[in-house]
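In the two complexes below, chain A is the common chain; its partner is chain B in one and chain C in the other.
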Partner chain A sequence: MFHWLEKHPFFFAVAVFVTIAFAGAIEIIPNFAQASRPTIGTAPYSTLELAGRHVYIKNSCNACHSQLVRPFKSETDRYGHYSLSGEYAYDRPFLWGSKRTGPDLMRVGNYRTTDWHENHMKDPAGVVPGSIMPSYRWLFKNDTDIDTAFAEQLTVAKFFSVPYNKPVPMKDGSSIVVKMGSSIEDAKAIALAEAKLIVADMKDQDVKDAVAKNKIPEIVALIAYLNSLK
Partner chain B sequence: MNKLYLWGIIITAFMLGATYYTVVLTKGGLNGDIVNMLAITGAVALVVITVFVVVKYVRQMQTDTAEGQLADEDWDGIGEYLNEVPKGWAIVFLLTLVWGMWYFTIGYPVNAYSQIGEYNEDVVVHNAKFEKQYANITGDRLVEMGESVFLAECKVCHGLSADGIDGKAADLNARIEAKSVKFIIENGSNNELIGMEMPMPDRNGLFNATSGALITDAEIELVSSYVADGMSGKGAEIYAGTCAACHGGDGKGMDYVAPNIVAFTPTLVSNILKHGKKGAIGQMPAFDRLNAKQKEAVGAYITSLSK
Partner chain C sequence: MENRPLEYDYTVAKMFMVSTIVLGIVGMLIGVILAFQLAYPDVNLMLGEKFAEYTNFSRLRPLHTDAVIFGFTFNGIFATWYYVGQRVLKVSMAESRFLMFLGKFHFWAYMLIIVAVVVSLLAGVTTSKEYSEFEWPIDIAVVVVWVSWGVSIFGLIGIRREKSLYISVWYYIATFLGIAMLYLFNSMEIPTFLGQSAAGESGIGDWYHSVSMYAGTNDALVQWWYGHNAVAFGFTVPIVAMIYYFLPKESGQAIYSYKLSLLSFWGLMFVYLWAGGHHLLYSTVPDWMQTMGSIFSVILILPSWGSAINMLLTMKGEWQQVASSPLIKFMILGSTFYMFSTLEGPIQAIKSVNAIAHFTDWIIGHVHDGTLGWVGFMIMAALYHMAPRVFKREIYSKSLMVMQFWIQTLGVVLYFTSMWVAGITQGMMWRAHDEFGNLAYSFIDTVTVLHPYYAIRGVGGLLYLVGFLMFAYNIYKTMSSRRVEESELQSASPMGA
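This part shows the complex of A and B:
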């Protein structure tokens, strides 16, 4: 049956390639698809959280803080369960790191709170003696760029079918719906509603005043993002 | 003379000449250096051996003829001699078969490396070691362990000396602050401090039996400082009329009903670590990844602070 192939080295090579590629594909793709599916309990970022993620990247937090807990006892003791690939399903790009100048932040939302982040961003050494992290006071003044966050939401919802406005399963069997605005005004209103929940736990009067005037300082978005890391 | 040998000699002579030219006739040259001598000897040997080997095999290809009995089969005109398989090859081939079966059935599936598998083994080993060394410690050693856990997990909010860093978190050197008592009386509490959901009502559910009415603002102020000062000062009768029913006359609480409000207890601290806490100062997240002994140790350490 393959006699003909034996006499034609080129087509023989092509046939070998096709055979091996097929075997590889059926071995690799199902596992890969399974592993890259969002884990139960991983929800898309809300508008404010996504804006906070942009603040995080803009200030190069990822230069010192990784978001990848490796499966070592010493790491899981300190940071919680090791990371699973499906937990990064909505991270574009993921923020892994190969060098930790500061601690890993993959699950920082589990053991730090809004007011702690507020104190820490103002004066890191004030809460962590000997910390070499600089303070990020400008975050309390700059306004958050909601437009870009909304644009990203629209894009990923359209091109990657990120489930905004759809039920997302949680670990306890319930499901939550992450809202995405239908227009930019709508998105800003949603982000502002989220911001109000965050500033309720904050102490800085300037930030509280700004939110009362329908502005969102970057610190609020960043804290929303950090709290969402669980 | 065979043409092949002639070419061999020509190429050898050319290569050696080129070597002689590049080394001896250029500036520097051998320079009487032993390393240079060795290198040049190596180069000469390489040229001679290469040419010799090439000539040998080309000669063999030109002159060799195949001999022996052919097998009946042939494949597209390619035949096969009926030679014995060399013994070494045959043995290795059979061993490979055996090894392949072992690897396919037992070797790989059972012994395959997995990062998570290694992690799980690590955890088992670590837990066994922990169990052996620390499961039964008590007293000062427990307090020491609690301090080390405190320094790793708690100090970022409560501070190195557990003073709460200027009100950013609770001051653990005393059981409770007046503002926390006041906040709890006004808002109630359901922090699972006794390990179960057992809400304390807010001020609209706190009846002062002595005055026969709901607790008032002035009474809240008084009783808050009374509790914060370690059950001393004014307010004893308000406490007795309102709080003592659950927290006990001496403030030491009752199991499954109300927590101790005059001193920290390891159980109280363990429950806070398990469930987190929300009160006058803010939210404390849960630290449930600590194991039971570590929680107990933190409880012992914090209890020791206010003694």
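This part shows the complex of A and C:
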């Protein structure tokens, strides 16, 4: 059979393709739907959080920080409850990372504050002596791209039925509604309102001035995102 | 007329040879910079505060991986295909104007993609998925180029004189099909300009931005099915294709066993794809999938070692060539590193070992003993073998090759030993508890302890880069300063003397 295949390239290619393709099909398809369901208490990202997630991705934070707490005592002691599949239901893309040059950030919102992040992003080694993380000062100057975050919200709401403007159940039995703007102006107003809550806890005068002028520096969006990781 | 040796046309092979070398230098240079950034964080500001955004570790890291994978390795794969393909199929590219045009299109379109990738990654335009960071416009261009390579492969096969496909061609076909399937499914994404607001606005935000078709756990599963197997079909399958051609050619020895090559080829095809789950051990993907990933990773030793042992046994009775020929040195050490790396990988895929190894530098060490020791050595050996034949000139300096070999070998050894120690040290410190059951170390303790290993790794990487520059210089001098031979060097290896 193999001799015959070697003389018939078309059938050879088909045989190779079938051999390599079915493993993927068997591994990926069976649990696909189940793995897409959110846990109770997991809400979609707000406009500013999503914009902050884009800042996180733009700077490849995931190159050094994981977002996956493994079910070991040493990890749950350090980072909090181990990760559950449904907690990632709104993560497109997933940001588990593959290397922990820095600590895991899956639940960083539980134990770090806005002003901690502000100081740390400016001078990591000043906050954590011995840190090898570079500073991210340009985040204090660059403006956040709210438009693209809004476009992504619209896209995921349309194609993946992500529940924006709909009640999302919380663990205590209550429910919350994550707002998505009805227009670009509306989306910007929603993001700005979120940004004002963040900068209230910040010290950098330039950032405060920018938000007062209806601009949102990237650092504000990034902190909004990091605070949402719980 | 029939007995006259064919004149093969190496125009496209030459183009890809040059791009392999240039992108190899770029990718490895960025790698060395990254290594020193981890050891000495001030290197992040090497061009000053003004350019900090673009010289920063996290911006450069995807550029390094993509430059060495899609730049160096894939250009090397293409260069060798446009050389090996013609020779084992006994047909010249010059016989078909269409295939010649397609080959050139393949090259120039691929170069354009590389420029687009460099610009977009520096600007921070990325999907964040490892080795698949490109946004949809680049993905579409990649598909076009990939299809053009496929047409080129099957076009050449279509007009072949040698009816039976040589082992190398099996592996090139598998590379084409494997990457096509993986890349396509992993890059499924929806451009966000399709979103429409309630007020009727559309085309909002960056036109090139997209959102992944899969979410969370599913996205991770598809990504590592891709990520792991991109290694399979980029770093293993096509490199095995090369060694099956170049080692017998260079040594003058026939392949030891045809049956072993059959077993390892079909075994590799069958087993490799299952193993992706080992990147997701103790994650939120279903447990049965993790176990499958673990088990199949261990089984994967068989076909991998099958190929490597076939190579080593091909040298049976001719081991003196390892001492006399620098090229054989590269290939034999490459096979050895392949065996080494394909044993180390399965060990790391065992769940209890993975609990320590995952997220640490041990994984980085594993990747690099495979890529530097196996992929890098084999591609350089292939180019060294090709250069005298495509440029019709003797290799410029054999002693430079020997020196390069030892410098790079030392570099690889420094690299993986330091990363082993770093990875296992950090993995053990993360989990260490004191007598009261509290964590023994804060995270930063586990970072500062790595400094010496990061410095050693940087030196190892630097040595490898120095060796690569010697390789580039040697090839450049071969191209430019040696006397042109009358005809292609047919039988005797230029290294054999």
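As a convention for this text, the second predicted complex is superposed on the first by the 195 of 230 C-alpha atoms of A that agree within 3 Å, B and C clash if a C-alpha of one lies under 4 Å from a C-alpha of the other, contacts with A are read in each partner's own complex, and residues count from 1 in each chain.
Assume a residue touches a chain if its C-beta (ideal position, glycine included) is under 8 Å from a C-beta of that chain, and two chains touch if they have at least 3 such contacts.
Please read all numbers here as calculations on a predicted model, not as lab measurements.
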Partner chain in contact with A:119 - chain B first, chain C second, else both or neither: first
Partner chain in contact with A:6 - chain B first, chain C second, else both or neither: both
Contacts of A:173 with chain B and chain C, given as first, second, both or neither: neither
Contacts of A:128 with chain B and chain C, given as first, second, both or neither: both
More chain A residues in contact - chain B or chain C: C
Touching partner for A:62 - first (chain B), second (chain C), both, neither: second
Touching partner for A:147 - first (chain B), second (chain C), both, neither: second
Contacts of A:80 with chain B and chain C, given as first, second, both or neither: first
Chain B/chain C common contact set on chain A: 6-7, 71-73, 77-78, 128-129
Residue ranges of chain B in contact with chain A within the complex: 76, 115-116, 118-119, 122-123, 126, 152-153, 155-157, 160, 165, 168, 282-287, 289
Chain A partner contacts - residues on chain C that touch it in the complex: 37-38, 41, 44-45, 49, 52-53, 56-59, 61-62, 124-130, 154, 157, 163-165, 170, 173-174, 177-178, 181, 185, 190-199, 201, 204-206, 209, 211-212, 214-223, 225, 262, 266, 269-270, 272-274, 276-277, 279, 282-286, 289, 292, 355, 358-361, 363-364, 430-433, 438-439, 443-444, 447-448
Chain A residues within the chain B interface of the complex: 6-7, 71-73, 76-78, 80, 82, 110-116, 119, 126-129, 201
Chain C-facing residues of chain A, complex: 2-3, 6-7, 9, 12-13, 16-17, 19-21, 23-24, 27-28, 31-32, 35-36, 57-64, 66, 68, 70-75, 77-78, 83-103, 125, 128-138, 145, 147-160, 181-184, 186-187
